[in-house]
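Down below are the structures I want you to see.
Here come two complexes built around chain A, the first alongside chain B, the second alongside chain C.
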Partner chain A sequence: MTSIIKTRDLHKCYWVGTMPHPALHGIDLDIEQGEFAVLAGRSGSGKSTLLNIIGALESADSGSVEVFDQNILQMTQDRRTRFRLDHIGFVFQAYNLIRVFSARENIAYVCQLQGKSKEESLEIANHWLREVEIEHLGYRKPDQLSGGQQQRVAIARALATEPQIILADEPTANLDTQTGRNLIHLMQGLNQRLGTTFLISSHDPDVKEAASRLIKLADGQIVDEWSTIPKPPISISSACPVQNKPLGERVRIKLNRMFSRRRRKQSPKDNSRHS
Partner chain B sequence: MHASRPSINQITLAVALRNLLGHLPRTLLTVGAIAVGLASLIFLWSFNEGLHRNMLGNFQQAIIGSIQIHHQGYFQQPELSDYIRNPEKVAETLETSGIENHSQRLESFGLVASDETTEGVMLIGMDPNTETRVTELEKRIGIGRFLQPGDSYTLILGATTANNLNVRLGDEVIVVGYDRYGVMVAESFTLIGIITSGEMGLDRGMAITSLETLQEMVDMPGQVTTFVINLPEKNIDKAVKQLNEQLHEQPLEIMPWYVMFPVMKEWVTLHNGFLYLFIGVVLFIVIASELNTLLLSMLERTREFGVFMAIGTTRQEVAALLITEALFIGILGTLSGTLLGLITVFITGITGIDLSILLGSTSRFYVDPLVYPQLELGRLGITISAILIASMVAGLYPAWRASQLQPAEAIRYG
Partner chain C sequence: MANRTRLGITTYLMFAIRNLMRNRRRTTITLLTMIFGIAVLTLLSALNDGWLSQMKTNFILSYTGHVQIHARGFEASQNLRDRINKPEEVTRLMQSYSEIVGWTQRIRTSGLASVGGGSAGVQIMATDPEQETWVTSIHEHVTWGDWLRPGMSRDLLLGATVAETIGADLGNRVILMAQRPAGDMVSEVFILRGILETGAPQIDRTLALIPLNTAQTWLDMGQSVTDIVVRADHHENTGQVVRLFAQQLSGQSYEIMPWQELDPMVRQWLEFSDAYGLVIILVVVILVLVEILNTMLISLHERNKEIGVIAAIGTTRIQIFSMLLLEAVLLIFIGASLGYLVGSLLVYALSGTGIDLTGYANAFQFFYMNPVIYPDLTSDSALRILGTTLIAALLAGVYPAWRATRLSISQALRIQ
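Moving on to the complex of A and B:
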């Protein structure tokens, strides 16, 4: 089996002003065709960031991501858009359907983006509505659908372009347990019938249970579930090297650190004078 | 780069429409702001146009006409020695040029005297047969009558002058003048009419008699100093050019009214300048209110735009969405504004707008109290295009902002 997703030494750090927020630290991950893989890990461990980078929604700082042997980090914005359209289907925690489209139109829209005619696209939409078992709700707008129904539409929309990979970011987090279970069941069935690869982030135990493979993330690193030796904690300076920033930014960050250190040194003196 | 997506434009249109309809109050408010702005511009331009035409028309028809022809240098220094050497040729040229409304005058400085006092005046000899073709002075005679063919040594004075001299209709007035050799001449006239126009320029400083009488008095039979022509405003420039070409062998000056009295033209230009300022203000309001609406709706939909991009919509297509919305608002606002403006102009163009409350009775400055707004097509076109372009420009910034969104961030924080 060949891996269709391959990440190597992936690093990502967010900067809010001059404050670094490390998100991913050296991710090596291989996902094979047809897997139903689940990314587990507590909130803030980097699951969404990893999915977004694999889905070409955002960039990494360093490392490489190959999806179908294409290096997506080096693509232009427009190439990435086309890449997402052709190869990736997204399912989000908050469903994220287009408000002004009916369920059917939400699904048909992505087919039209692929250049199919309106009629053909609506036919395809009907097919996928049947697949996710809500064919009778096709004419409803998102705000007339329950959460579970909306998520089914989202799954249908993700599948309608016939992508090889579905990336689902906490798809059951907003659903009650039973609805969540039905949804997992649906996705599992689609995975088995269509062979579409699923990479799902979740901390829902039901999702983890359904996984063909479980990947655990902690502090931006993949941890082996059965390993008893904890990984050494990563320092912010190694996770978020200032060297990667442009010169102006670097100066700003260094100055900011200098001043905040000075302030810290000064404050005890001030206090002693007051007391 | 992308395969053709024939149906996406259609979708863009549908999404834009549904978004605008989904926020109907906001959409209508913006469309309304544009419409009211444009309508008021159309109305104000037309009102201005009506006011100016009315004023300029009154001004020209009061006494000076649209164009005057004199001997070279006469207007600067009116002397009888500068009479028009070949008036027959001028009259003939005017006729062949299709200018029918012209009249001849003899004009000279002089004095009018009563038992009590004297006053310096412009002595004007008018042809009673043709004067009414070029001016409406006749209508401004409030007391007595205008000149009639066959009148001899009859006189018309302005109300102020008549008052100063303390003379009444039928009284004797002595007129003193100089003939063309500079010899003083004096004659007795009978006052037959008094001008009560309310305009300072007409009610004093003039003494009007018949052309024949003045010619006899200053011993210049058949001679004139002035041709007065009446033409519609739009034909004046062309006529001046044409007459200059055709009459070039005589030393004549062919002067349109605005060369003789530039202040009037400058006033109109200044007045229009204020309107340009107003256009600027309205354009600003249009852009600001539409920018506000579109930015608001863009910010509200940040997440949705992120989703659009995530599922394969290009940045250009997202931008096109907002530009389409701007276009809808702009076109709708422009259409309804034009309609509203035209209806207003049409109705007030029939009823007129009564300014008598605003205008004092003293200095009316040639303005009729009833103004009829008049549409000027050139300006209408410019105003409409300006608003339309402004409303499109207002869509560019939100569209650009939306196209620059990072999909992951937009979805996470939108």
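Moving on to the complex of A and C:
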């Protein structure tokens, strides 16, 4: 396996007035293609800072960060923007959807940024809405969606540009346990099916449980790290058995599954393009 | 590196419109402020243009005409030696230009008017009684008695203040004294046929009006005159008429003066009015600009996180800049268009009846103004208002848009 993310001796310090607050202290990290890696640690341990630097959202004080063999710390701001658009998808704790756009438009927006036509972008958006199982909610604005639904849109948006890496910062922190588990299941499934690398910062035990590799940070340093045999995704049926849901919801889920299976059979080309 | 990122104009517009609709109350209040400001600005500009146009017309028609042609140096010397000896060289050109609707010849000189024991310095103006009526409206200001009668060589009209100063009444014999071109002083007796009251002090205090033929004989001028006064079809065409005469009479010893140069005080007053109009535009535009800037900055402050997000997911700085600038431009475009429309409707409503300020009639007469002001929205003013508003829109939009591009993405994302 090859490392697609390499950080070497990465340092970052924030200054509040004259007081230094070290955030990262000599981080050496390699993430390989297809990993479902989780950065764990307490608040202030440097998880988000590390994600931001790897995601070219923030600069480091020293050290190097190579993503796909490109040193992102030496890129201009506009080049970083383009790099993020082409290679990295982001999922944030607070979902961070564009409020004035519908779910579908939020996803289509990033495709348009890539230069795709509006029609093509909307088609791609529909595909990813199907993938995250909320196709019927595409016309809703973010404030008409639940937290879990918004996070699914955020994941769809992150995947719509077909990035090789998804960086997710506390993606389940604002969700209830069950919704969080469903989301982890979704991300795991996408990781295994599409081979997209996931690097997630979280202190949610369920996320840690799902990780193929767990990297523990404390005071800006990697203090512990272990890999596990990839676990099968948490079964949505065990986490959220259909038979426990209200009748209306059970009928809706069954119908959705039935129709989505039929659609996939009818248009295998459309689906294979994005998978 | 792949193609540059691009967004269609519809995406920019959708983003701008929806963001404006996001806080409808704030957008509505901002729009109402703009509509009010631009409507008032439009009305004030139209009133300014209206009374300036009246003032120019009244000034031109009361005495000076649009263009005066003199022998070179006469305006400065006011000496009869600087006279036009062959006025036909100029007057033969009058028929050639459609912009000229009338002309007359005059002799102007300083003199003394006396009757009984009273006397006063006067500006003697000799003119053709009929031709003068084609050029100016001075004959309409005869408040007592009659205008100069053709063929009546001893007729005299005096300004109301002059007549009062020397104690002259209609029918009185008034002696005028003046200097001939050769330098000798001569006097002549005239009969006071009318009294002029124009409201313009320099006319009422000094004018003594006599027939041109009489003056030419009395002052030993032959066919010479001092002024050839031209009336154009509109004061906007004054420059064109001046250029036409300048081309035809180049190389000859004439001075061709537009009305603006004939009375420095009026010119200064008009310049002051233009500057005053500009100040009004600037004040209103600055208020509107501050309002828009305030709205945009508050809106930006509220959306810092969202701007951080759109930057994080791949929107370039120039795209963010364009989005926010378009939002401000759109807001100002809608506000300015509606404001201009409301202002134009107000102008239209008032253009029939005008604004009656008869209570200040004396002050208005002093400045050649009518007591009823009719708003007149000129294309120049419309362009000035809309152009200034557009510049204001860009100024008000550029700063918040620029600030948005300076946001730290990671800090913006940390906002709760």
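To be clear about the criterion, the second predicted complex is superposed on the first by the 224 of 275 C-alpha atoms of A that agree within 3 Å, B and C clash if a C-alpha of one lies under 4 Å from a C-alpha of the other, contacts with A are read in each partner's own complex, and residues count from 1 in each chain.
Assume a residue touches a chain if its C-beta (ideal position, glycine included) is under 8 Å from a C-beta of that chain, and two chains touch if they have at least 3 such contacts.
What you see is a predicted model, and the numbers here were worked out from it, not measured in a lab.
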{"item": "Fit or clash - chain C, chain B, common chain A", "value": "clash"}
{"item": "First, second, both or neither for A:16, with chain B first and chain C second", "value": "neither"}
{"item": "Intersection of the chain A residues that touch chain B with those that touch chain C", "value": "52, 55, 57-58, 77-78, 81-82, 84-86, 90, 92, 96-101, 109-110, 112-115, 118, 157, 161"}
{"item": "Footprint of chain C on chain A - complex, ascending", "value": "52, 55, 57-58, 77-79, 81-82, 84-86, 90, 92, 94, 96-101, 105, 109-110, 112-115, 118, 157, 161"}
{"item": "Chain A residues touching chain B - in the complex, by the definition given at the top", "value": "48, 52, 55, 57-58, 77-78, 81-82, 84-86, 90, 92, 96-101, 109-110, 112-118, 121, 157, 161"}
{"item": "In the complex, chain B residues that touch chain A", "value": "1-8, 10-11, 14-15, 18-19, 22, 303-304, 307-315, 406-409, 411-412"}
{"item": "Touch list for chain C against partner chain A, complex", "value": "1-8, 10-11, 14-15, 18-19, 21-22, 305-306, 309-317, 319, 408-410, 413, 416"}
